[in-house]
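Some structures are shown below for you to check.
Same chain, two partners: subunit A is paired with subunit B first, then with subunit C.
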Partner chain A sequence: MKTIIRGTWLFLALIIGGCGDKIDLEAAAVPLAAGIDLDDNNQLRFYVSNPVFGDKNNEEQQYNIPVTSLRESRSIQDAYTSGALEGRNYQVYVVGRKLLQHENWFKILDVVFRDARNTVLDRMVAFNGPLEEMFTVKTDNQPPLPVILRGMVDSKSKRGATVLTTVQDMHRQIFEEALTPSLSEVTYDAKQKSFRLSGTTLLTHKGKYATSIGFQESVLLNLLKKDATKGVSLSFAIPGEPNSDFFSLNRASFSVRDIDTKIKSSYSNNNFHFLIRMKVSAAMTEQLFTLDIQQHADILERKLSQQMQKQLEKLIRKFQKHQIDPVGFGIYARAYQYRHYKENENNWGEAFSDAEIKCEVKVTINSMGTVK
Partner chain B sequence: MSPFVKSPLSFLQYVFIIAGIQIGIAILSIPREMARFAGTDGWIAIVLGWLITSIPSLLTVQIMKGSPDGTILDLIKKKLGRWLAIPFALVFAAYLGGMAYIGLLRTLLIIRVWLLQNTSPFIVLVLLFIPTYIVTREGTNMLGRFAEAIFYFLCWLPFIYLLPLKEGQWLNIIPILKEGWLPILSAVPTVLFAYLGFIAVFFLYPHLTHKKHAGAGVLLANTITMMMNLLITLVCFVYFSPSEMIEVNQPVISVLKTIQFKFLERIEIIFISLYIGLYSLSWIPALYFMAYCLKWTTNGARVRSYLIGLLAFIGIGTYFYLPTFNQSVWLEYMMTRIGIVVEYILPIVIWIYLVIREKVRREEQLG
Partner chain C sequence: MDNKTLTRGFRKYRDVATRVEPARTDPLEVDLRQNFEKLKEIFSNTPDLINRRFILKADNRQALLAYLEGLSDKSSINRDILTPLKQGTAEINGINDFPATIGEFHQLTDWGQVEHMLFAGYSILFIDGEKVAYACGSQGWPQRAIEDPQLETSLKGAHQGFVETGGANVALIRRYIPNRELKIKQFTIGARSQTKLSILYLSDVANIQTLNVLEERLSKLDVDAVINTGELAELIEDSPFSPFPQFILTERPDAASSQILQGKFVIVVDRSPSALVGPVNFISFFQSVDDYSTRWTIATFIRMLRLLAFFIAILLPAIYISVVSFHFEVIPMKLLSTIGQSRAKVPFPPYMEAVFMELTLEMLREAGVRLPAPVGQTVGIVGGIVIGQAIVQAGLISNIMVVVVAFTAIASFILPNYDMGAAVRLVRFAMMLFASLFGFVGIVVGLMTLIAHLLSLKSLGVPYSTPFGPVRFRDWKDTMVRIPIWLMKNRPTSSNAQQDTRQGDTGHPREDERH
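== the complex of A and B ==
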């Protein structure tokens, strides 16, 4: 009897394996970068880059197809590849500028979240130009497209020069009324024949393109968001210092040793007020003009603080002009002025553009480097 | 020798069985439901639910103090007679059967969405039945060991939930009481679903070796459940924004998708597989208690034969019909309502009856 039972179990274990949907690696096509954009006829196109495994280096198969939805596109994509397509684990999702001109494009990506088998930590990148360009360009002597893009975003965001937005983060930012989304921005440099990370793309609440910011502004944005890790570097032109004709000699740069950002919110006169207090302890990394830091540290500190404060205020005015809030001031407003925030919840961008924002920056130099 | 002494239950095993039923059945749905009712204040409802649950669970222990060598059914038989005890047994059996079925159904649906999309749920169910039968046929003693083993094996699991916190936004939680107490109170009936399961005391009490600590044990189980729900709910609230929270079906699993290791993508696959162990703590004891109730009613036979019958019944039923996700959510709502009656109101009624009866009896003796 026991043998019969054991035999039955063994038999069942052999025949009811859960491997009905297995794919051999040899027969799989593994797309690593995906892109969505509108083409010249305003038709939605899906761009894919598959690495081709073989002797030759850096071969990629790149193609683009017109689609109506991403899930539907899989069968069409499949027709282009030699193997079974395994499009669940992209490294990067690239969005073209033309698509970003339209609201609510993010809903296209629904399949990524609805189908539990997809990964959600793919980096999202905004491409400054038509995607056609990105996916047809052959970059010799460079790693394949997905590897460059992911590497760029991961390493630059660590230094604060851009934001790290995964597909999941984007989902969070779109659903958070108190915040507007921001993406890493990549540009194709035709002269250098290579891609270049150019900063951060800021979107409106509905996902429409609002404006772009460069490196230094991205660092400031990250400092405001409290996302910046120690060691981010800032550089300022100090007014009043002599300048040369051909190159600027009035610059001072420092890397941030320690940062303490405090944002306080209040409400009066039908307006939100935010007070940003930023305490930066800096290690000087570059100073092109002569100034005895040992004697006059306070002068340099004051000047740096002024410059930083000016740039912050300029950046925030830029946000307000475009009615966007990538920092998430709305979260502070919701936490501390709940009632007033609730009244403005559905048009936070507008309410934020009327808000009064004050910055107080205090830079302390705690290291001047190895030379005076 | 009494059958209860033959399969003794230690204090911790008793705590883990109760906490296992409570956690297993509701951990996935509680954060979402709390957010739906009370927004980010929902966590307060979990604490309130914990306070409320202490009363009926202590009363349950109090009732059982009158019956150190028999389950609730034996107690009712002694006080009210066998013919009144049988309807009670059937009610308990139906309730526990519903609980076991909901636990199983949830597990099947989760496995189908997240793990094995192309495998027939019937085959998954048959595979789940193997450990279920092996554990339940040995009775309470084995249940206790199983619950204990699962708890020791999975006790590190909550700590993984601390990882998403570094990307979270604590400001989501404040202001506390943003819409006043009303939404929080409206969430309380739903939160009681998370604490269903202390009914197990009715069946475990006679097995306990240290009966003195039964009250403390049930409170400890409630507290473990509360801490676990509170931790996971807070992590979900801090990670997801208030409006996104309602949008996600299983925030408890989705939040895991955002954890990233260099060597591992889709960490949630491993976690759901581990969670199956935790869910099994809800249906395995419930199935056993149900089989026990049925055995008790028919007065004889072995629990084992009822178990085989129940498993076959559920198996065949699932082969022909598997409820959808929406239907399972509806079943949970019904279960919560019935559970409030069976686990919260019934113990109070029984206790009041017993107290009055005792008083009347004493007065008769005096008079």
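== the complex of A and C ==
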């Protein structure tokens, strides 16, 4: 009898307790894309793209609200929807260019990390323009904004054409002194009325916009970061080959079969030195000029190596000019030259800009493709 | 609590309840007429008792043959008892030289025996001037022909199922194991039903301690009647409050025999077309006879399919509930809009939706089982409306829920054992309750409780969850994978067999030729 009574109590305690934070899917608004930017009056605005579950497919509710802080304005965020806004399903988190002009904007996102309910695996995207534009455009013949943005970032980052930075990654990159953040960059092509992934946005250590790089440069960045998967494609103009008047015929492209990147650091003359050794084994995918690879592979290999080395050096010079280190050379410095790194810890960007960096690239062609 | 009141209540009940009278011990009379009177007195209002009076040809004495119509084989009585006694001239010289041409023959001395034998279908011969009666084995009652097993159909196994006669069932098993070590222990259970039980086992293989446990439980039984094997299972199982079956009830002689060969015990209950197998473990409910006659790779695949189905059948509706009402962040983006759209039109919360649909499914199943075949078709048609597009269009249930229910149904149909399937159906609802209260946390707690329960269960004192807990790696050969039969040289450790190795030393079948 005692056990029965105890059991009943236990059962009732369980049933009546339940979980207070239960919320059914249809009672919640589950925005798939969120964005923050400054508007024309320099007021911070929060942008939301919310799927509307109705009879129609692909219906999205998009609105924006002025905010002071994200959590403080939660009730205003809710106000536009029938359900309670839940930040659990964000696929992309977009940041407008105007916000990126200011330092320390990342601190606004504190709630995303502090409230464990929020997702941190959403892709962070920098939008090259005012967010207002992005969240008002109705893309008729395209999937909804969150779907297309996420798809863009995921597929392009696989090919190395941009970086894949989740909000969690961004958190790490901001708080890591030894490198600077990089985000996928999306532009609105007004002429073709569609969004376009345009490469990678590089930020300073404080999160301020530094510069943007294109696809090829992004691939190189990924190769340097050792993030590039096999199969990324590079294309170079080979000097000395004849060119046509309207289109270039001097291009050679290859996909990377295998890559071995080694970065060595040293310190001398009050400067950091980095030596980058890159061994690329390449499969030719395009070659517009005539060259018998079977006979003269070494010539092409040499030329490709030169070009790649040149572009790498140019890219690194660009980083140095903007005092940014998206590759994370600082991590090598911290690992191998800790004493010197420690001195420059708080202004690593500056120290990096003075560093001497040498590249040695060796391309080996191991496949010429199926035609001669 | 107040134990005294309770006991008193029970005692009172026990006193009032009519008990079956103890067996008679009064001896038979010498005078046939007195015996006849006594017979009529004992069997009053028994119109199916036939009393045939005749005169023995050999010595002109009066005789009386009594038998219960319907329990006896009439032609056998005419041919083998009445004819030789009425026409033959051989004298009756006690039981060893009796003129009747019948196999089984007993000498009875008191009325208790007479009563017992009559009900067992024997015909009783009283002879004037003898203080004993003779019971002739002329039993014969309505019997069903041996048919294909109904519940446990198999593709490649034998097509003979058990019938309602215990003796025939024992014979069916004996056909598989013609070995003198196959022992049969008989018990009679049920004060009124006098049901005969036979425990079958291999005396040089099966574990004696387990046998003792079984015998002890059977001998302690004091019930009115045991009609079916299922009742017996419930009376002797280890944990009566568990939803999980602790014995296998099989209607296949081949399955029962293979269990005996593994060192298990099989109880054949007279009048019941299924035999009880014990001790069993959890995984044996996922084994089927066909597993051993299909190729081992395929059998292994099917085993894993069943285990997967077990978890799907238990968890899928619960996972649906917790995902939709707690953790929609785990839904992939594209699925989210699909689920969202189908959920948007439904006025009920997910757990209600799920409980409603699962209950409907259970009702359909139950209706399908009990309905006679001609009406049964209607269930299918009506069921298609309830679990189908119509209910979605009516806006009562979401598309996804229908798919979930269909999945669960298919998954629970795969389980080869009906009792395990029934347990799964029940556990599913508990899981749904947990999920609707606590989401994934609830499911995990539910699963932990379930596993703890399975680990604590025993079947005839043998742990239910072997070989997984306690871990017996050697026995894993016939669990999730079914290794080739020529590699299964040992009996499962779970049956604690005296003989660990099976007879014979067959290695790879083509081993000799390979060299």
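Some observations on this one:
Just so we're on the same page, the second predicted complex is superposed on the first by the 360 of 372 C-alpha atoms of A that agree within 3 Å, B and C clash if a C-alpha of one lies under 4 Å from a C-alpha of the other, contacts with A are read in each partner's own complex, and residues count from 1 in each chain.
Following the convention adopted for this analysis, a residue touches a chain if its C-beta (ideal position, glycine included) is under 8 Å from a C-beta of that chain, and two chains touch if they have at least 3 such contacts.
Everything quoted here is computed from the prediction, not taken from an experiment.
Once the two complexes are laid over each other on the shared chain, residue contacts for A:R172 go to subunit B alone; subunit C is not touched. Of the two partner chains, neither subunit B nor subunit C is touched by A:G240.
Applying the stated contact rule after C-alpha superposition, one finds that A:R334 touches subunit B and leaves subunit C untouched.
Of the two partner chains, both subunit B and subunit C are touched by A:N89. Once the two complexes are laid over each other on the shared chain, residue contacts for A:P146 go to subunit C alone; subunit B is not touched. In the superposed pair of complexes, A:D24 makes contact with subunit C only, with no contact to subunit B.
Once the two complexes are laid over each other on the shared chain, residue contacts for A:A116 go to subunit B alone; subunit C is not touched. When the two structures are aligned on the shared chain, A:L14 is found in touch with subunit C, with no touch to subunit B.
Residues 18, 21, 89, 119 of subunit A contact both subunit B in one complex and subunit C in the other.
Within the complex, the subunit B residues that touch subunit A are 113-114, 116-119, 123, 126-127, 167, 169, 171-172, 174-175, 178, 240-241, 243-244, 247, 257-258, 260, 265-266. Against subunit B, the residues of subunit A that register as touching in their complex are 12, 16, 18, 20-21, 89, 116-117, 119-121, 166, 168-169, 171-172, 175-179, 328, 331-332, 334-336, 338. Subunit A contributes residues 1-2, 14-15, 17-19, 21-26, 28, 30, 32, 51, 53-55, 57-58, 86, 88-89, 91, 119, 146-147, 150 to its touches with subunit C in the complex.
Touching subunit A in their complex are the following residues of subunit C: 1, 324-326, 328-329, 331, 333-334, 336-337, 339-341, 343-344, 346, 349-350, 437-439, 441-442.
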